[in-house]
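Sharing a structure below in structure tokens format, with a few things to ask.
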Amino acid sequence: MRSPVNSKLKIAVIGAGYWGPNLARNFSASPDWELVAICDLDATRAQALADRVGGAPAVFTDLDELLAQVELDAVAVATPARTHNGVVMAALRAGKHVLVEKPLADTHDRGVAMVQEAAARGLTLMADHTYCYTPAVLKIRELIAEGALGDLLFIDSVRINLGLVQPDVDVFWDLAPHDLSIIDFIIPGGLRPTAVSAHGADPLGSGKACIGYLTVPLAGDAIAHVHVNWLSPTKIRRMVIGGTLRTLVWDDLNPQQRLSIYDRGVDLTQQTVDGVDRAASTVSYRLGDTWSPALPETEALGVMAAEFAASIRDNRPARTDGEAGLRVLAVLEAASRSLVISGAMAEVDTAPVPADSPSVTPFEEARR
Amino acid sequence: MRSPVNSKLKIAVIGAGYWGPNLARNFSASPDWELVAICDLDATRAQALADRVGGAPAVFTDLDELLAQVELDAVAVATPARTHNGVVMAALRAGKHVLVEKPLADTHDRGVAMVQEAAARGLTLMADHTYCYTPAVLKIRELIAEGALGDLLFIDSVRINLGLVQPDVDVFWDLAPHDLSIIDFIIPGGLRPTAVSAHGADPLGSGKACIGYLTVPLAGDAIAHVHVNWLSPTKIRRMVIGGTLRTLVWDDLNPQQRLSIYDRGVDLTQQTVDGVDRAASTVSYRLGDTWSPALPETEALGVMAAEFAASIRDNRPARTDGEAGLRVLAVLEAASRSLVISGAMAEVDTAPVPADSPSVTPFEEARR
Amino acid sequence: MRSPVNSKLKIAVIGAGYWGPNLARNFSASPDWELVAICDLDATRAQALADRVGGAPAVFTDLDELLAQVELDAVAVATPARTHNGVVMAALRAGKHVLVEKPLADTHDRGVAMVQEAAARGLTLMADHTYCYTPAVLKIRELIAEGALGDLLFIDSVRINLGLVQPDVDVFWDLAPHDLSIIDFIIPGGLRPTAVSAHGADPLGSGKACIGYLTVPLAGDAIAHVHVNWLSPTKIRRMVIGGTLRTLVWDDLNPQQRLSIYDRGVDLTQQTVDGVDRAASTVSYRLGDTWSPALPETEALGVMAAEFAASIRDNRPARTDGEAGLRVLAVLEAASRSLVISGAMAEVDTAPVPADSPSVTPFEEARR
Amino acid sequence: MRSPVNSKLKIAVIGAGYWGPNLARNFSASPDWELVAICDLDATRAQALADRVGGAPAVFTDLDELLAQVELDAVAVATPARTHNGVVMAALRAGKHVLVEKPLADTHDRGVAMVQEAAARGLTLMADHTYCYTPAVLKIRELIAEGALGDLLFIDSVRINLGLVQPDVDVFWDLAPHDLSIIDFIIPGGLRPTAVSAHGADPLGSGKACIGYLTVPLAGDAIAHVHVNWLSPTKIRRMVIGGTLRTLVWDDLNPQQRLSIYDRGVDLTQQTVDGVDRAASTVSYRLGDTWSPALPETEALGVMAAEFAASIRDNRPARTDGEAGLRVLAVLEAASRSLVISGAMAEVDTAPVPADSPSVTPFEEARR
């Protein structure tokens, strides 16, 4: 049963490691939420987090106990990606709405199962695509939606830094979910390529790609490209979004001017010469003004917590719902397949997700 | 016959369009050279250039007349790429040393013919890879050669701007010769990949790629990647060169700090656990100082003019000789082939260049 | 009686407004300190802070009660500047060591009284010149001390932003204590000008200077200059320190390269012409490398807390002791006097501080 | 007699040193001008310049000969500042219009004599305040004039670099004419302070200030401040112009975004409390968008050559006329006087320039 609008929704945070504390802090501070429990296999870590956030949430080390004993509307899952399916399926079956850290699951199939389960039960499954709730990305989405950039020509995203080489995932699975979830969020209709190409390198011999380049064809002969890199001594987080009317540059490390919209570009005028449309057209340039919109200082996680609550109360999909998480997963899996075939295009799984009745999936079986 | 060392070498500049004036100005100012003639199909343009550079060079509109009538040691060719083979072959057959603007030729085969002709006649054929003679690139080459960076891990090059969409070549052939010739120059042994991958986009419908991404596997599981783009409203010319010891960033648009060498990186220590070498190794970070070497203010074209003279006088290959030009051509051609197969790896033609006797090639035949 | 070295020192934080929480958080996390109480006139604000920092410190709204009832080694004072004298004198008379937020007091005379009181009682009085404990400033001090810059030629400091126009102090008293305390910290012997000049402007008619320029002659004909500004739409925090050997630039808003040391400069060679030393000397330039030292990521307040503890345990002056606070105050007061006389030089009060016996000062009287 | 509008005006350039070649090149390329002669004490230098600019201007080493022998409308003077008076007075007496490099003269009195002479003879005397004709400064002037910034609050100008220590002038006279002429150009009514303050330092013992700070009170309690410095290893050329509505930042070394207009600021609302206007008003902030206008790529000297011609043909004062040059000189002289009195305010000579009849001035006498 849904909680009344004017009371707070009750939530538990599962996982008190790197990201869980950020979730706990924001749900704790949210007017929409009451943080009632924290769950982590490590009791000490869970308790330390509980002490820090105020409000004295209960502490659990066992998920089933938590779900059985505490009255909850929802859970927020910040455990390692390979455990997402198990944790989320258990929560859904217990009738809880779920917010889950990116990536949605460790495989597309497991993600599909989660989305189906949520749909069958009428529960919200939301992907924690945090960046989508930053003022910058919300503004980009709005500008594209209202046509300020015109038709999209290209998206070039660079996310490089001296990063922690992860023990279990390569640089694509570690960093590209950010870029892909953002691109999915800002382009009309979401990210739905039929095939992608990925090139990686592991020059240190770590056993997985530490440098990655991902090419994603977009509609209308446009292109998206993502460069992720754990080995760069300089930190860059920049996305350039070129359109027929204007081009937007998002430099996330420049707090004084995160977004710049350039009224510059190349215009191509098709000419008819001797009655024939010529491909070699007339090129002209626009060199107009640059504009940088002021952005509010709101914290993304707070906005996301509000969106999670609103999607539950209004019984509508969240802006970054499970399907968005699936689209990101599908591209990541295709990228992994492309790596194996030396960067040749690998098809993206775009099978529609049938809304089955809730059931025990093979993956769930394996978990027990 | 070679000119005596203490006299100036005589040179003619062929082509007075975009680049020719830069060549003319530098040869005119060089202590090694005497600019004796300028040749262009457009007599007015040739004369205007001749007036500007001083020294009253003769003006020609016909290459054969020039070669027949003027005493010359060498010619510098700045005509469109598709004419390089014809012009250069004529000059070589007339016994002149040749400097030719990048790319060496419009096809690898035609380039091979030129290199063979020069070799057979004992003449210098030099590629005008101008960037290689900038203080920044000379310093990078020196640092890599002396081991300051350690083993190469990756090279990431970005060269984007609001560029003139070229009527006859795509963005790869227009811009990537810069990046490729630089990479060829700085890595020990030159650029010799066996296959490359290229992804392009033509969202404006211009008939050729305006945005390009080029992936070049390097020795030791390292990787080079080049991003060229005519549609970017912001101008970036940056190359990051990662090594096991240090990483170098070359930002060509920051005159106050063009080169930065970061003593930072990721170290991977192979561990032997239970008698087994584990791929999952220990990762550690170095966060050391950054260093930016002072660079002289010398002009690249002046240095190149001196190198051209020295290679002739010392009867040795120029630092950017015809073979370097061929290596760049081979990668560009492979990139074009990769574009056709949606970015799958395309083999690079690395056939050795036999030193034939000088002869009339089929391409020369076609020109007549 | 001093606490034994191996036990934690007990401290109370006075003032739970803007800065107090930072002090509380750092003392709470320090291995040297136990945060035992928080005092603020606003009980709710004090309690909220106490809840947040953990460790359940006691809460007081009355300073005298706190000093009477709680066993304390020290207090940290983060109340408004005009109350510093009263609070600090009370704490010193109660035998507590004192850390006090900048500026030390609202007048130089009141600061002198505090320094005298502490000296007479053998207690540590430390100025919270936080910036001095940042990795950047500690490194600058070290570089100057070891002679890396040579003799100082100039210090130019800019600290501008869209700032909160303060109700009670002008922009000099609000912002310049940062610059002055840093300069005092890094130059050998501290900041001891005999006179300073200040120019201010109040174009909004706020009743006090919102834009300020401060000129401070240094030894050896060197000069320090500080620009503080509440009305700048762009934020700049940069200090340039020129020396005869090298010049250092500290850009506090560039986390990727906070410190740059330029091995560049102007050399002047005195010449003897016709037996006369000529002022018109030969000028030459050095254009050497730039170097940016890696800096640790330590938090300044943590380092400061450790220094406060060490100064108490070792019975030695803190690195930013009360006298340092006085030197800053003396310059600020002289700046205020200079403003009145349109920027003409105003003498700086540099009277030595006699170590009197502890006594009730007139200011203390007034407080009662 | 004025030349007909549709024919070119004839000009000679006096001085072929550092700046003369720039003038010669621009007048030579101008549709308004014919460069007919070049004059320099060094015949070789004059001839070398004449060879370079094309059009075969005559070469002179004697000014009187030039004026006597060549038919001229105007001269452009690029000789050392101390010779300006002599050269300009001779040219004016010979009936020539004059453009003169900044500063107008080496003293204000000599400048006044020049302005009077030109006025009495009905000739154009124009100051070569080149920066005023850059697209950036023209745009700033336009924005201020149309009220885009509101009322001016402050102007902060920084012009620092590793500069050539000049043999005869200090850093104020070398660099500040740029800043002062720009400020004079952009503020309505020009730069007319009644007093200024200057602080300088000569830590190298060169005999003159190498570092300078200049404070100029403006109307409405606003303030202008100029920082000039020969000893800075980093080059900065930035002017911030704060207004009640918006603030403009001009970063001349950022070609990608020279001008930024910030719609941010501090608003002060006067409040009436208990029937009394309170100085302590309500402060609020605007954090609006930033806007960067596109600027054309026109060369300043070309625009200036056109303005010089237009002022002659239309018989009107040039936009940077002799009076503008005088206002700059008056501030520079006052700055020198302020230096002598340790930065106390020195009055600026603002005596009006009476339009006398042409006559031999004492300075002219001395020259003979």
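Residue numbering begins at 1 within each chain, and the chains themselves are lettered A, B, C and D in the order written.
Heads up, the rule we're going with is that contacts are C-beta pairs under 8 Å (C-beta built on N, C-alpha and C of every residue); 3 or more make two chains touch, one makes a residue touch a chain.
Chain by chain, the UniProt names read as follows: A, B, C, D = Gfo/Idh/MocA family oxidoreductase.
Small disclaimer: the values here were computed from a predicted structure and weren't measured.
Undergrad: Look at the interfaces A-B and B-D and say which one is made up of more C-beta pairs in contact.
TA: A-B
Undergrad: Identify which chain pair among B-C, A-B or A-C reproduces the interface of C-D, meaning that over half of its contact pairs, matched by residue number, are the same.
TA: Duplicate interface of C-D: A-B.
Undergrad: Measure off the straight-line distance from the CA centroid of subunit A to the CA centroid of subunit D, and report it in whole Å.
TA: 55
Undergrad: Mind checking the centre-to-centre distance between subunit A and subunit B? Centres are C-alpha means, answer in whole Å.
TA: A distance of 41 Å separates the two centres.
Undergrad: From the mean C-alpha coordinate of subunit B to that of subunit D, what's the distance rounded to whole Å?
TA: Distance between chain centres: 45 Å.
Undergrad: Would you please write down the residue numbers of subunit B that are in contact with two or more other chains?
TA: 234, 264, 287
Undergrad: Help me check something: in the complex, which residues belonging to subunit B touch subunit C?
TA: It is residues 257, 263-264, 287-294 of subunit B that touch subunit C.
Undergrad: Show which residues of subunit D lie in contact with subunit C when the two form their complex.
TA: Those residues of subunit D that touch subunit C are 151-154, 156, 162, 164-165, 167, 195, 197, 199-207, 210-211, 213, 215, 217, 220-223, 225, 227, 229-234, 240, 242, 244, 247, 249, 260, 262, 264-266, 268, 270, 279-281, 283, 285, 287, 341-345.
Undergrad: Taking the complex as given, what residues does subunit B use to touch subunit D?
TA: On the subunit B side, the touching residues are 51-52, 54, 234-235, 256.
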